[in-house]
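For reference, the structure I am asking about is given below.
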Amino acid sequence: MRTTSLSSFLFTTLFVTASAPAADDDGKLRIICFGAHPDDCELQAGGVGALWSARGHHVKLVSVTNGDIGHWRDAGGPLARRRKAEAAKADEILGVTSEVLDIHDGELLPTLENRRTITRLIREWKADIVMSPRPNDYHPDHRYTGVLVQDAAYMVTVPFFCPDVPYLTHNPVFLYYPDQFEKPNPFMPDVAVSIDSVIEKKLDALDALESQFYEGGANGSAELLPSDPAKQQERHRAVRDGFAHRYQSQAQRFRAKLADFYGSDKAAGIKYAEGFEVCEYGRHPSQDELKKLFPFFGE
Amino acid sequence: MRTTSLSSFLFTTLFVTASAPAADDDGKLRIICFGAHPDDCELQAGGVGALWSARGHHVKLVSVTNGDIGHWRDAGGPLARRRKAEAAKADEILGVTSEVLDIHDGELLPTLENRRTITRLIREWKADIVMSPRPNDYHPDHRYTGVLVQDAAYMVTVPFFCPDVPYLTHNPVFLYYPDQFEKPNPFMPDVAVSIDSVIEKKLDALDALESQFYEGGANGSAELLPSDPAKQQERHRAVRDGFAHRYQSQAQRFRAKLADFYGSDKAAGIKYAEGFEVCEYGRHPSQDELKKLFPFFGE
Amino acid sequence: MRTTSLSSFLFTTLFVTASAPAADDDGKLRIICFGAHPDDCELQAGGVGALWSARGHHVKLVSVTNGDIGHWRDAGGPLARRRKAEAAKADEILGVTSEVLDIHDGELLPTLENRRTITRLIREWKADIVMSPRPNDYHPDHRYTGVLVQDAAYMVTVPFFCPDVPYLTHNPVFLYYPDQFEKPNPFMPDVAVSIDSVIEKKLDALDALESQFYEGGANGSAELLPSDPAKQQERHRAVRDGFAHRYQSQAQRFRAKLADFYGSDKAAGIKYAEGFEVCEYGRHPSQDELKKLFPFFGE
Amino acid sequence: MRTTSLSSFLFTTLFVTASAPAADDDGKLRIICFGAHPDDCELQAGGVGALWSARGHHVKLVSVTNGDIGHWRDAGGPLARRRKAEAAKADEILGVTSEVLDIHDGELLPTLENRRTITRLIREWKADIVMSPRPNDYHPDHRYTGVLVQDAAYMVTVPFFCPDVPYLTHNPVFLYYPDQFEKPNPFMPDVAVSIDSVIEKKLDALDALESQFYEGGANGSAELLPSDPAKQQERHRAVRDGFAHRYQSQAQRFRAKLADFYGSDKAAGIKYAEGFEVCEYGRHPSQDELKKLFPFFGE
Amino acid sequence: MRTTSLSSFLFTTLFVTASAPAADDDGKLRIICFGAHPDDCELQAGGVGALWSARGHHVKLVSVTNGDIGHWRDAGGPLARRRKAEAAKADEILGVTSEVLDIHDGELLPTLENRRTITRLIREWKADIVMSPRPNDYHPDHRYTGVLVQDAAYMVTVPFFCPDVPYLTHNPVFLYYPDQFEKPNPFMPDVAVSIDSVIEKKLDALDALESQFYEGGANGSAELLPSDPAKQQERHRAVRDGFAHRYQSQAQRFRAKLADFYGSDKAAGIKYAEGFEVCEYGRHPSQDELKKLFPFFGE
Amino acid sequence: MRTTSLSSFLFTTLFVTASAPAADDDGKLRIICFGAHPDDCELQAGGVGALWSARGHHVKLVSVTNGDIGHWRDAGGPLARRRKAEAAKADEILGVTSEVLDIHDGELLPTLENRRTITRLIREWKADIVMSPRPNDYHPDHRYTGVLVQDAAYMVTVPFFCPDVPYLTHNPVFLYYPDQFEKPNPFMPDVAVSIDSVIEKKLDALDALESQFYEGGANGSAELLPSDPAKQQERHRAVRDGFAHRYQSQAQRFRAKLADFYGSDKAAGIKYAEGFEVCEYGRHPSQDELKKLFPFFGE
């Protein structure tokens, strides 16, 4: 089963029919993002998701686990339901579709069942772009989400893997979210996007993920939660400022890549950014193709 | 259980008895190659396999899965049987032994059962050389074939792992096939071999893997298959030319390494090549040992 | 569940309460070391273990498998019991606590059950430091020990993963043992320690692991075992010399890092050393924090 | 977690709120039937399914595997697709909803993933009645379908098992299909139904499952398939007659139970029947409740 | 490995050394009871547990899962902790040792890891008697608890299964709890015990399992919980009365077996009872041996 | 996939072609027996195996585990090798083929990998008869051997389950060994055979399984092994007598069934016997067919 690599190296004109991003019937792009928990996609791709959505493209954020141990006080089914609702609210703010799989938080493994689930979700969304964490990250669920998406990356094109769901005739572009880890390789952005025009929307969405950021998630504590309304507002503000700062840092970190896509002048003025690295196991897009997939640069 | 690394670092003269490649009774080399599907070994090591075989050495090509989803029209047991027959035919052309394990294509996992199967195959073949894909590649079956062979790499020497099969008293050299992936590390050849003298044999063997290359395998389609005999012949020719081009590219890519083994002059004239990287988890051969294992350079 | 990385990047002062190494009630450090077999921890951290122990700190060495195929003549339960006794003896010499889990040697996999076991051991020890092999090494049990410890690295702080055992409110520092493998990255020491003052104790401890070093473990043979008492003593001496040489080589290899901690002059005189690399998935200690965790440099 | 059995034994009036069959919003019954392969439900419950459907009740037939080795010539994804289409056609004839899960035929195991899938299907259908094979039968897939449905039988009422899908507030009645096996207990019908009024519809539906009955499925052969159209028609007729005979035999076998529900006189005239045994692990219906669930007896 | 059955059939005097119940050093009996959830052991063996305990014998109740979905409102780790505390309180009332394993409720499977855990617990308790549910019951966790204890039943005597824990030199008596299921066989008591003298203690213990009985567990609802203190007391009373009635029913059901052990006259006056069936896979005790193991009949 | 049961109930003359026992090319019967450990087949079917073998029929005894914890002193690989050799010796005495699978003793589970292994062994032997323990027995390995053979019972006839091995066109007769367990059903012999003519051969074979019977296996001890040669001989005699007594008891237990096959007069004189029960999941042989499969009754 080497024909794919074969075709990409040698026979391109023979074997591959459609090389342009496969738009769905309505001519719009289709993007599916995987995160390990109901907040990961929003954190990593909430800005670009809002940008696509505002232009009529189709974006879906999938949490692969239900997040049911992601809090210092709550856990189990009640937390799973709360976080699903939080994600739904955040995703509504971003204008994107929301899905949370019912797999225990902290217990994700790269099984065949999970590989099939990921494969079907990508196919059913007829994705042009698939996003995920890298298979190296501090949380095992993040790592195994990365492994599962990698394991599905080629299989989405194989007709008789999951023959119950129509296969993709073109391979999507697979993109990684940024992280801070240096080994075995540091994250290297292949594309970076200004999210200045949607930063308030993104911060509103993150604000809706109350259990995680306002309350501190698994590493939080009761001390984070003031009872005094004025202090509560202050706490909301601190969280929001923290995130604003985070995406400013990202703009700084990805400045060179922003310049590649926006030109140096425009790039210099970008305050908030998101960036992504191309995974080698899906389609290898040219810079031109990336510009079609991220149709924001000329605006 | 550190004595192996211990011995390789410190005690070499004490603990390790035989350091020369362990030839079988007949004084010939013994090579076993693992691929994920019934075409991967032929693609990656068909040339060198034919070279060894022509000199009386013992070569076995093992497909770890049965390839039963590797087609756009056929699948399941009927395809598994067809591909097993194709591999048998190709391997007969190459003069090597053929084996196809009955594991579902697209469903290979690094289980203990599979680790034991790989370990037994290596031991039963009394291998001097073991080949496999790297554990990073675009297809999950390729990756997990790489993991499984790595997981067996030391265990083949441990007497009471699989005590039903005699263990190896020396560790084979484990070699990786080339691929195009850059992360976490690009493929770096440690040995490269001219396959000029067997290129027609290799192309004949690949031609026998009709379901994969003539028909296009999992990513093919009915459009690849002309009904007009003249066009059919043209299609055969196009596939053959594509492969000839592929191994020419490899000769180009591995030119420096060819020069290490053949000398620069001879290397410059090599048209078609295969190359391999030494896996760190088996025996670490010197260049001299490599020359004994690949006894083609002085010819 | 991004608050950890979030907090480490942005909110440090808000979310993280205790940043100093969490000493137990008695103000002493708590260290837990994981190895795949009943000899790996002793080989890699026996020196530093003896140093900590002599100063009243709490050190535990855990073998994740029972080592029951680690010999050329013996195996199974009888060998498991012998090796547990050997480790107990060696660890008594080093002054550290000994534990051997009853998992078959050669069969360790990164399951959820094993992840939970590792998580509970780290929590119950209230560890400030956790040591393990890297997830790349020649033996599959070494690699999967590394994966399991990585998979537990963040989970030890999550209250409702294993809610039956009190979670850690601070994340320990996770350290890797050295190895010789270059890919995907070579081992890079972040801290190195002179074991000159305990080298005899360490060599005594290794001498107690008779099945592995005197008898040669899985790769040994009857030829290693002289019946003549004079030759037996000679064999003991050869093993001991081999190990002394090994830790001299390590001092040489880690000389620059020794200089960072001891100053160049003192470092130049160090004969035997152990070194460790910080794993990115636990706490990222500053050099100052490392000096508190390894309180040997000013002595 | 004994309150269910507790409530059924002691506290009935306290704990259990709704004891009547829980009709959906439209006041109609809701039935879900599980079979191992795309023909098992139709064979066992096609008649009663057609009866319910004709009265506006909601019936769903689920094949737990995709049937992809159920033929002597075809297999894999192509067969899976063919059988899914056959089941869809048969179920359309019967007037019921059709679903085929994509699990390999011959490889069904009672995993947690499968237990969750069955639980969700029962809940989403808001079933009053659930049908399955007994956990003793000649085919392992039949047995494990029985085990899986048993394993889901109580869990459908537990709110935080699969908290992503609303749980059932009443436990459905679980019924077994008949089989011929005597050990550990023979099948004992608790209810039997005349299918005289729908026998032609049922035989038409079975006729649509061409791969299985006309062609003989896994135990068929090319000899079963005449090329002569007259003989083909004869073959169709023979299959149809065989099935008519089968359901006549069942009427004979279940005559006493038919008399319990229809009265002796009417029962004596029934030609074709289906029968079912109540599984002890779901709701234990009274005869009156059975008459409401099978509202055919007074007609 | 037939010597056990062999010895029981043929060689009894040769092979089996100790046939009396193996009392521990202090001459007291040692009993370990397994239930699926933190309330099952208390419900089934709370009375006899209190009887043994009052006479100085050693009783341990183990919940194999943590019960973390056993409520209509709460779930996950917080519920697991609450139920562990409830069980601890109930078991303190009964005078027995309490243990709750941290396995998810609703997800117990008969894995090797779990078999080993059960084996170790039986061995470490040096049990004379082991109790469990039958492998047929309405809840999958109950069934698989039964399977796991069966799977450990012989292995507790095999030295090199779990060689890290001393094996038992005599096989304990394994007993099943009663249930209401008729297939494949109805529960048949081999011993029945009056719990009249401890009924208040048992009802107090069950009252402490508040989440399950007062609040209704997984099948309860907010309606069960009155806010009016008078009604709360009434609710407590209703639960208590329900249980009193349950054990009265059991006395009625097991009257004949009570007569076997107490004589008909005394048996006729017994109000509350518990009963147990001997599992065929452990020691087969004579009635005399049962009288030594349940030393209550002559009192 | 109901056509098998369908055909057996309704269509027999249509679908099933060969109903006579499928003799191999040489016209001889082919029998394969599965036991859990290297002694179980010999104990249960050693006599009838010797009878068949002496008449030129083909008998294979397969131990599904390697027996590596079946001793009180030895374990692991060394014991596995010893027991394999013992079985080979015993089977040579009986004149049958010997195979021992390398699966850990005490760790057999009904996995798909094991189901496939059993299926292939039955097919490769082209078995007319398959024997196994019942799925209810005191040892978990016995039970799961029974489950695995049941799970293979129909699959041996399905062409595309294990498409790499030719399937059986007729279903073998599956037979159970006797045991003493009453629940859910007692063992009921369908055929019983006099082993008087081979009793010495059988006792010799059992004597060769020295680790199990002379030394006592897992439940033995050093006390069983006298050092005095006279007492050793006495011990051998006691074991032999014990077994002779066991098969006498079986003759007594199966007397009625012996009469069915030998006539009452001849049956009354039979001293030693073996008996077997037909498993419902394979072919259902008539008494006439049983007489052809056990061609000993008229002799």
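Which chain is which? They are A, B, C, D, E and F, in the order written, and residues in each are numbered from 1.
Just so we're on the same page, a residue touches a chain if its C-beta (ideal position, glycine included) is under 8 Å from a C-beta of that chain, and two chains touch if they have at least 3 such contacts.
Quick caveat: nothing in here was measured; it's all calculated off a predicted structure.
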item	value
Co-neighbours of subunit E and subunit B - touch as defined	A, C, D, F
Equivalent-chain rotation between subunit C and subunit B, CA atoms, steps of 5 degrees	120
Which listed pair, A-B, A-D or C-E, duplicates the contacts of D-F in over half of its pairs	A-B
Per Cα centroids, the chain farthest from subunit C	D
Between subunit B and subunit F, centroid-to-centroid distance (C-alpha), Å	42
Centre distance in Å when subunit A and subunit F are each reduced to the mean of their C-alpha atoms	58
Inter-chain centre distance, subunit D versus subunit E - centres from mean C-alpha coordinates, in Å	37
Intercentroid distance (Cα basis), subunit D paired with subunit B, Å	50
Junction residues of subunit F - those touching two or more other chains	68-69, 75-78, 159-160, 163, 184-185
Category of the chain touch graph - line, ring, star, complete, other	other
Pairs of chains satisfying the touch condition	A-B, A-C, A-D, A-E, B-C, B-D, B-F, C-E, C-F, D-E, D-F, E-F
Sites on subunit D touched by subunit B in the complex	68-69, 73-79, 104
Complex contact set, residues of subunit B against subunit F	66, 68, 76-78, 80-81, 84, 100, 102, 111, 113, 116, 159-160, 162-165
Residues of subunit D touching subunit F in the complex	36-37, 39-40, 43, 67-72, 75-76, 105-107, 109, 138-141, 143, 179-185, 212-213, 216-221, 224, 238, 242-243, 245-246, 249
In the complex, subunit D residues that touch subunit E	1-7, 9-11, 14-15, 17, 112, 115, 150-151, 153-155, 157-161, 163, 184-185, 280-281
